[in-house]
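Each of the two complexes below includes chain A, the first together with chain B, the second together with chain C.
Take a look at the complex of A and B:
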């Protein structure tokens, strides 16, 4: 560790990292555009300049992202000189900026806005017309580039060079005519394109699937974990006015996904935003009818009571907490347990995606649930007296036709949507993964946290709570089954 | 504690009738003066550009809405009356509101939205009357809020005159 002094405070700096990282890690704000902790520093934007004094030499202004720390360095991020150079730098960056913040998706989380507010000057001094460039250039299926807004920080270029190691972007042309471009104007490829919209410090790169859908200050942001593969990238679920989830964005986690996530996970909204959620239904003489939760639970309990050969089948999206409750229920019923294990998909790559679309395989396996393919589950439950299917999307993954084909087996279902099956006695709604608290264990054993990003539909309670109540109803504690 | 003593009445006041006669004479005199009240619904209030009626959205002369759904009015509104959902359009401006609702029961006619708008897209009209049979009908949507620019021109000119000095000194584009 190297000792340096920043703004009068002595701090320990990692000699392998640039000065700016030492400042950030110690809570001292230094603006940056081209520097990103996950990318190779290039020092092209000059917004990170600070005043540094070393030894007897007079203080000079340096770009902190390209300056290695040295023992005894005295740094001042707040000196008039440092503010002055940063203000000048901003004036140049804004000289050709279109200032179309009212229509820009980045407004509200834009580094150019934030630092102009903090350090910039309030008046422009330019009289020349601003540069006119292409404003809606498609870079493939995921990204749109606005050339006018780009400040040529080259973060997007370096993302493909340093992180996915497959260069796809470059700075084309020279000087004031420079623009970001793909090679030969081919569309971008790969499953990680969305990340460049996150790291673009301005609104030059926007996501086609998010464009103009919401202003970012209207989104409430909550810790979550990606549900699309067993890597379980740490993400933020961003919800618009308590309704639809509009974005998943990667959340820095040094052990799992660093700053990144794949596009499959980023755009996995179809299920979390699905409409027409089931709340509580039970079978009566005239078929399934909606009822309240208590009635549905007692219908479920009477379907299970006294049955021999019972099975509890979990969805691969069940959290560890839900699995523990399901295990307790299975113990009371003397039931077999397993979870539906979806087949590996072709998305596996050598970066993040594991190709296993089961976010909690490790956690469920550790708790003693066996992962069976849908057909195997169907075979295992074929002759059962009753079966409990529990967890979001369990019917979808098992196959609705397999549930409909069950005869002689009574079914109790906990799922987001009901299924039309003669064997179904009760259906109780469950929250989707952005509506519950819990944990998933990822492929390497790290716990991924889920928090409540929005309320579940009215009347829907947590699955573990319902499973516990069902255990009580089936065989009250203390009574002999 | 303060003890307030009533004024002693004079003999004339205690006699009662002279005072009644004095009061009636005032009433009688007022009958022939010009009334200062107004028969409101039949005789509408005079309106001019200073009137801050309900906010309305400008439809430009080319038939397109001026609003880009930036959400500035939504966030400025102290009554949380405005809800906007944006979306993409093929017009060069790229962005337009897909849903724009003002809950007129919440709106306090403060004019903050007009002041916040960077696109001159929302202005206070001179429409003041508000009545309906349900609350839902008073949540105005895009169709109910759109007004041709000409209908709002007086107010637009007024706001420009008012803000002229500020606009001149701080314009960036």
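Take a look at the complex of A and C:
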């Protein structure tokens, strides 16, 4: 570690990282546009300039993203000179930047806007009209480029060069005519395009799926984990006014996904936003009818009580907590256990996506659940006295037709949606993964946390809680022989 | 003006001066022979270069011998190493290297080989400005001729020294004349200058130790080797040694490229060498060394044209490419053209340069066309100060800011008058170019 002094405070800096990283890691704010901790620094935006004094040389203003730390370096991020050069730089950056913040998706989380608010001048000195360029240039299925808003930080260019190692973007033309472009205007390819919208410091690159969907200050952001594969990327789930999840964005996790995530995970909100959620249903003489939770749980308990050869089948989305509760229930029932293991998909790549669409395979396996393909599960439960199917999307993954085809057995279902099956005695709603607390264990054994980003539909309780209550109903504690 | 010995341009006036036969008949490849056959050690050559005090002729004036000595010791650093010769001469006013390449290509090749020997490297790249087709073709033919004669390639002159010289043609970007931009371009990338450090001597072409020298600098090398560093440093003024090529253009009777020793005054050059200001007019302003130097007034012509003297006048020698303007010249128009050049040529990486050069060009255009705003001169000054010095990756922003600051300082009244009258009283007939603002 190298000792440097920043704003009068002595700090330990990692000699392998540039000065700006040392400042950020010690809570000292230095603005940045082209610098990103996950990308090779280029030192082109010049907004990170700070005053540095080394040895007897007079203090100089340097770009902190391209300045290595050196023992005894004295840094001032706050000197009048440092503020002046950054203010000048900001004025240049804003010279051609359009004033369309009111309709810009980035407004509210825009680095340029934030820093203009903090340090910008109140009056512009330009008289010429701003640069006229393409406002909505499609870069493929995921991204739209607004050339006028672009400040040419080249983060997006370097993302494809440094991170996915498949260069796709470049800066075309020279000087004030520069624009970001793909080769011959070909569309972007790959499963990681969305990241460039995250790292774009302005509203130049926006997601087609998120464009004009929400003002970002109306989104509440919650810690979560991606459900799309066993990598379990750390994400934030961003929910519009307690309703729909509008986007998933990667959350920095040095052990799992750094700053990135794939587009499959980023746009995986069809399921979490699905309507017509099941709450509680039980079978009566007239068929399935809605009831309250207690009634549904009693119906479930009656279906299971006294049955031999019971099976408990979990969804691959079950959390470790839910799996523990299911395991306890299975013990009470003397039931065998397994989880539905979806087949690997073709999304596997050499970066993040594992191709295994089962976010908690490791956790469930560690708890003793065997992963079986849907057809194998169907075979295993065919002759069972009763079956508990538990967890979000369990029916979908098992195949609704397989559940509907079950005969000679009674089924208790915990899922987001009910299924029309003659064998079904009770259906109890479960929260989706953005509606619950819990943990998934990723492919490498790292725990990914889920938190409640929004409330589950009225009447829907946590699955582990319901499984515990069901255990009690089926066979009260101490009553078991 | 005192008489002096010419050595740089002597061969250029001969018939077929670009051929190996003429070059050899006039003392060519003697210096290389001396280096290889005597033999001289690389350290001895570098010592001669240091003794000569030759300063780079590409604009920055960095001592050449010192630059060479920055190259790491091959015993400690066995990586391949390169010499890149900067022939991307494209600053407005500068046209000296072209003469050497078109008329005396073997002089450059010999210099390259000696430099390669001194820095113990085997590959030299000559990066020629894309528009210099004749220079490129002449050099290419000369290299082929030299290769055939065993002067370039494996076992030069039958010794165990091997060195190849390769040509690369630029695509027309001024920024590729910046040494790190040149290296990026040579590597096949966009000519975006790299931040320094790391410096080229440690991390240059393809990440290997590299020296970048100007054509005229390298061209001086055989003469220094042959006649000694002491001879070279006996010519010139205290910190500017040797003869230099002065490309004089603008409102003079005999514009051209002239060889002169350091120590002559600008007035001597204008009056005695270039035949005086045309049409009997007076000199209003002049650039001493290309458009990125600070403008000087006509009264300043008595300054000696060397590094130190021009510095005391607030300008610099640059490439010693004088641009002389007579007293009918509109400074608003001059600066409009120069600012437009830098706007066109900025690589676009650094915010200040990308936006600043455009902004300067817009304001000068406004003033020159009679649409200036009252605060424009003040804005120009603060913009130029916001762009430089040393606030960007390379010096292009400085190159745009320096003439602007000098124009605002020296010709403030003229610019303000253009704004006040809402027209430029000295405006020449306008010729609009494609791409003009």
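Here is the rule we go by: the second predicted complex is superposed on the first by the 480 of 481 C-alpha atoms of A that agree within 3 Å, B and C clash if a C-alpha of one lies under 4 Å from a C-alpha of the other, contacts with A are read in each partner's own complex, and residues count from 1 in each chain.
Throughout what follows, a residue touches a chain if its C-beta (ideal position, glycine included) is under 8 Å from a C-beta of that chain, and two chains touch if they have at least 3 such contacts.
Keep in mind that this is a model prediction, so the values were computed, not measured.
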Query: Between chain B and chain C, positioned on chain A by superposition, is the outcome a clash or a fit?
result: fit
Query: Between chain B (first) and chain C (second), which, if any, makes contact with A:42: first, second, both or neither?
result: second
- prompt: Just chain B (first), just chain C (second), both, or neither: which does A:257 touch?
  reply: neither
Query: Given the touch rule stated above, what does A:217 touch, chain B (first), chain C (second), both, or neither?
result: first
Query: Quick one: chain B or chain C, who's touching more of chain A?
result: C
Field: chain B versus chain C as contact partner of A:225, first or second or both or neither
entry: neither
- prompt: Once the shared chain is lined up, is A:123 touching chain B (first), chain C (second), both, or neither of them?
  reply: first
Touching partner for A:136 - first (chain B), second (chain C), both, neither: first
Query: Which angle, to the nearest 10 degrees, do you get at the Cα centre of chain A between the Cα centres of chain B and chain C?
result: 90
Query: Where does A:77 make contact in the superposed view: on chain B (first), on chain C (second), on both, or on neither?
result: neither
- request: Please provide the least distance in Å between a C-alpha atom of chain B and a C-alpha atom of chain C in the combined superposition.
  value: 16
Statement: Shared chain A footprint, chain B vs chain C, residue numbers none
Field: In the complex with chain B, residue positions of chain A that touch it
entry: 99, 101-103, 107, 122-124, 130, 135-136, 211-215, 217-218, 241
Query: Any idea which chain C residues touch chain A in the complex?
result: 173, 175, 190, 192, 195, 343-359, 362, 366, 373, 375, 379, 385-387, 390-393
Task: Quick one: which bits of chain B touch chain A in the complex? Just the residue numbers, please.
output: 68-72, 74-75, 83, 85-88, 92-95, 118-119, 170, 172-173
Chain A residues within the chain C interface of the complex: 42-47, 49, 60-61, 63, 66, 85, 88-89, 91-93, 95-96, 125-128, 151-152, 154, 170-171, 173-178
